[in-house]
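Labels for the chains are A, B, C and D, by order of writing; each one numbers its residues from 1.
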Amino acid sequence: MGDVYSTELVTSSDPTHPANLIPELCRLFYELGWVTGTGGGITIRHEDKVFIAPSGVQKERIKPEHIFVLPYPEQSPSPHTDRVFLRRPEQNLKESACTPLFWNAFDLRGAGSCIHTHSQNAVLATLLWPGPVFQISHQEMIKGVRIGGNGKTLSYLDTLVVPIIENTPHEEDLRESMVAAMEQYPDAAAILVRRHGVYVWGNSWESAKTQTECLDYLFEIGVKMRQLGLATVLDSE
Amino acid sequence: MGDVYSTELVTSSDPTHPANLIPELCRLFYELGWVTGTGGGITIRHEDKVFIAPSGVQKERIKPEHIFVLPYPEQSPSPHTDRVFLRRPEQNLKESACTPLFWNAFDLRGAGSCIHTHSQNAVLATLLWPGPVFQISHQEMIKGVRIGGNGKTLSYLDTLVVPIIENTPHEEDLRESMVAAMEQYPDAAAILVRRHGVYVWGNSWESAKTQTECLDYLFEIGVKMRQLGLATVLDSE
Amino acid sequence: MGDVYSTELVTSSDPTHPANLIPELCRLFYELGWVTGTGGGITIRHEDKVFIAPSGVQKERIKPEHIFVLPYPEQSPSPHTDRVFLRRPEQNLKESACTPLFWNAFDLRGAGSCIHTHSQNAVLATLLWPGPVFQISHQEMIKGVRIGGNGKTLSYLDTLVVPIIENTPHEEDLRESMVAAMEQYPDAAAILVRRHGVYVWGNSWESAKTQTECLDYLFEIGVKMRQLGLATVLDSE
Amino acid sequence: MGDVYSTELVTSSDPTHPANLIPELCRLFYELGWVTGTGGGITIRHEDKVFIAPSGVQKERIKPEHIFVLPYPEQSPSPHTDRVFLRRPEQNLKESACTPLFWNAFDLRGAGSCIHTHSQNAVLATLLWPGPVFQISHQEMIKGVRIGGNGKTLSYLDTLVVPIIENTPHEEDLRESMVAAMEQYPDAAAILVRRHGVYVWGNSWESAKTQTECLDYLFEIGVKMRQLGLATVLDSE
């Protein structure tokens, strides 16, 4: 299996190739405060190949040669040992601990990309909404979020509902409660993890990124509204 | 009509050509948090040609070839079907949903440019000022805003008044209430849209951008002052 | 006087030449939110020449050829008509409205540079300290501010005192009250202008910039402390 | 000793050489608001050589030739006069006033790097936690912090404890109280200095930087939670 370390699958002169996009987007997400301290990340699936960044490295400094390529769907995401790799870095790196969670987005929603942030807006939303869901209505930015993350966009008159699951000491142990929340809330475009962050998916990386931006905006303004004593959900007329 | 896809109208080596400025300014506005999640945008009118970005694309990644060119004024902005294009992108893109609103600024104020942001400062201002207008006085930055958006600059002793209209599920349906507000408040340099954002115009892109920056500053400091329990409008001596 | 439009005085390959530094620093100050909406600015004096940016232009887009050069001290800063220029831009531009205020820093403190910002931290400080001075003590960053702006640095045990003058409709009319405040508070490194911003000076541009950063930090943390109900001035032991 | 001014020890084409990394990281820290006004800094130790930036210079403008190289451990960090230099800049510069504090991290924890910030998040944490320690629990980002700064990472179920020492007028006088705090809290990854900032170390610059980012995030969210009236330490089940 010597050629699993080949850089062929992560070498491209096309700036929109996943191996080039992931480093570029991770730099952007770092600037947005979403992936500081090596946290968070993004996966992009291109047909039967999944591109994933390594765990525990500075996200703004990832290079194409650091990226893992896994086959889809020909493997079980759990247990997370004995994973099959089409390509892995030579360095002593591990694939992102989010891998089983990313797989949920592929398996349950047919996602082409999934983004995980530790944004403080997401974490504060989970603290100020102590129940099972974050909710907000009557915000223009709701229109940038899609039903189920992969369907039609929400209307301005829809209330956005994002399930919140409880955090676990090991990231991979979130897999089952994330599945349960995705099944209970089939229209949800994302899953918040209390005291941790958020997982957002979409049919493409563009869609996942757009929805992550809209949701982060809505978490942020929701938190500010609660601080100001403003109602975040209004009755629709 | 094959040549409507020609890139001629959006190709220029001049960095101040609208087809080059719109991508550059959209990147800046993205960094300012004004156009995340594909929201917001800018139009620049050059005599009888209007340059407009597409709808639903990542604003920080727009390229000149994505830009629409429409004739001015030889068309009705409404209904928003059957628009005439001097140039449109080959990709399956739609012109910005703000187009009828931008047209209001051209028609009613002779504007040369109009900017639309989803800035949280603007949205929070519409929430903390639940009435028909946002008002603030005695701030130096008021002096950067123009009477009617296209006239003389306000004085430090003037109170800034920005009308707020109610949001609608479809952006183009804001057209008539925006017209009504512009007619009722002929001195206003901008129209806030509750729970949505703001439209700001000027004689040129420089003027529209400067006024948007001043207004966003004033929305932000107004919101902070309300949070701190400070009066935002003082009696003039 | 045809050669007053020559670019010779503002052309240099040295990146630390004032004509190159002013554009670079204005871009930085724009990113810091200090000079949005064409507000604020910086002057650098090099012996008997004063370099000043134009008024009412986008500060992050200034180029060396936009810069004015005035002789020092051979002219009266007031009235601000009939100014003498060693060099002025060909465009129809006016020198910064701050010019008489910058001259105060040269005349009264021998400053080599003066920075004016519209930072919201400065403005909020003037609102939360409604009296004649802003004060804060027991902050490490106080050590970056100099006595009188041009002397020794303050000690951690010193209380920082920054006078606040009242704003006027025309910027040049601040000149006399700024002089009065500088005379009344000879140890002050800066003058706050209520509802407007701050003027900070130093022996060199590096010193003016360092002190502006320290003061802006102190205004910001002072405002946050007031919001949190924390005392901003402690008794020294 | 003429060759102490040679640039040989600070010249490398390798971007990960300490003399190249320190300027790059200082620019990043400036953008993060950690080292404005010349405050803060970073040291990197490479075996028996310690690379340190100068004191009192604009951190975002440091160049490799400004960097000091000191031998490790062959010198006493105190008194801070009569230091031995393998290399020093020709300019009239002093090594960072943090030097004795950096030495604590080398001596007591075998650190390979130490970062000092004046981040407002750190300072506000010391104000809202008036006792001897900052504490927070049940935050995912705790997992990015290491036991003692150089050991295993903390678990999600661990409570993060960061000692707070009182500030002194002269930075070098913090040395002994920092030693005492490091001895009293052997598991601490950092030392907060009240009304001043934080010192964070790690086995490598990557580890020191990652931990500084995680801690700064935790200080920030801790401060926000206190503002919102939320408990920052929960009982573990």
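The rule we apply is simple: a contact is a pair of C-beta atoms (placed from the backbone, for glycine too) under 8 Å apart; a residue touches a chain by one contact, two chains touch by 3 or more.
Chain labels with UniProt names: A, B, C, D = Methylthioribulose-1-phosphate dehydratase.
Because the structure is predicted, anything quoted here is derived from the model rather than measured.
J.: Where each step is a move between two chains that touch, what is the least number of such steps from chain A to chain C?
T.: 2
J.: Averaging only over C-alpha atoms, locate the centres of chain C and chain D and give their separation in whole Å.
T.: That gives a centre separation of 32 Å.
J.: Based only on mean CA positions, could you tell me how far chain B sits from chain D in angstrom?
T.: Centres of chain B and chain D (C-alpha means) sit 45 Å apart.
J.: Please list all residues of chain D that touch 2 or more other chains.
T.: 227
J.: Hey, how would you classify the chain contact layout here, line, ring, star, complete or other?
T.: Contact pattern: a closed ring, each chain touching exactly two others.
J.: Which of the residues in chain B come into contact with chain A in the complex?
T.: Against chain A, chain B makes touches at 36-39, 58, 118, 120, 123-124, 127-128, 167-169, 193, 195-197, 227.
J.: Could you list, by residue number, the parts of chain B that touch chain C in their complex?
T.: 138-141, 144, 155-157, 206, 209-211, 213-214, 216-217, 220-221, 224-225, 227-228, 230
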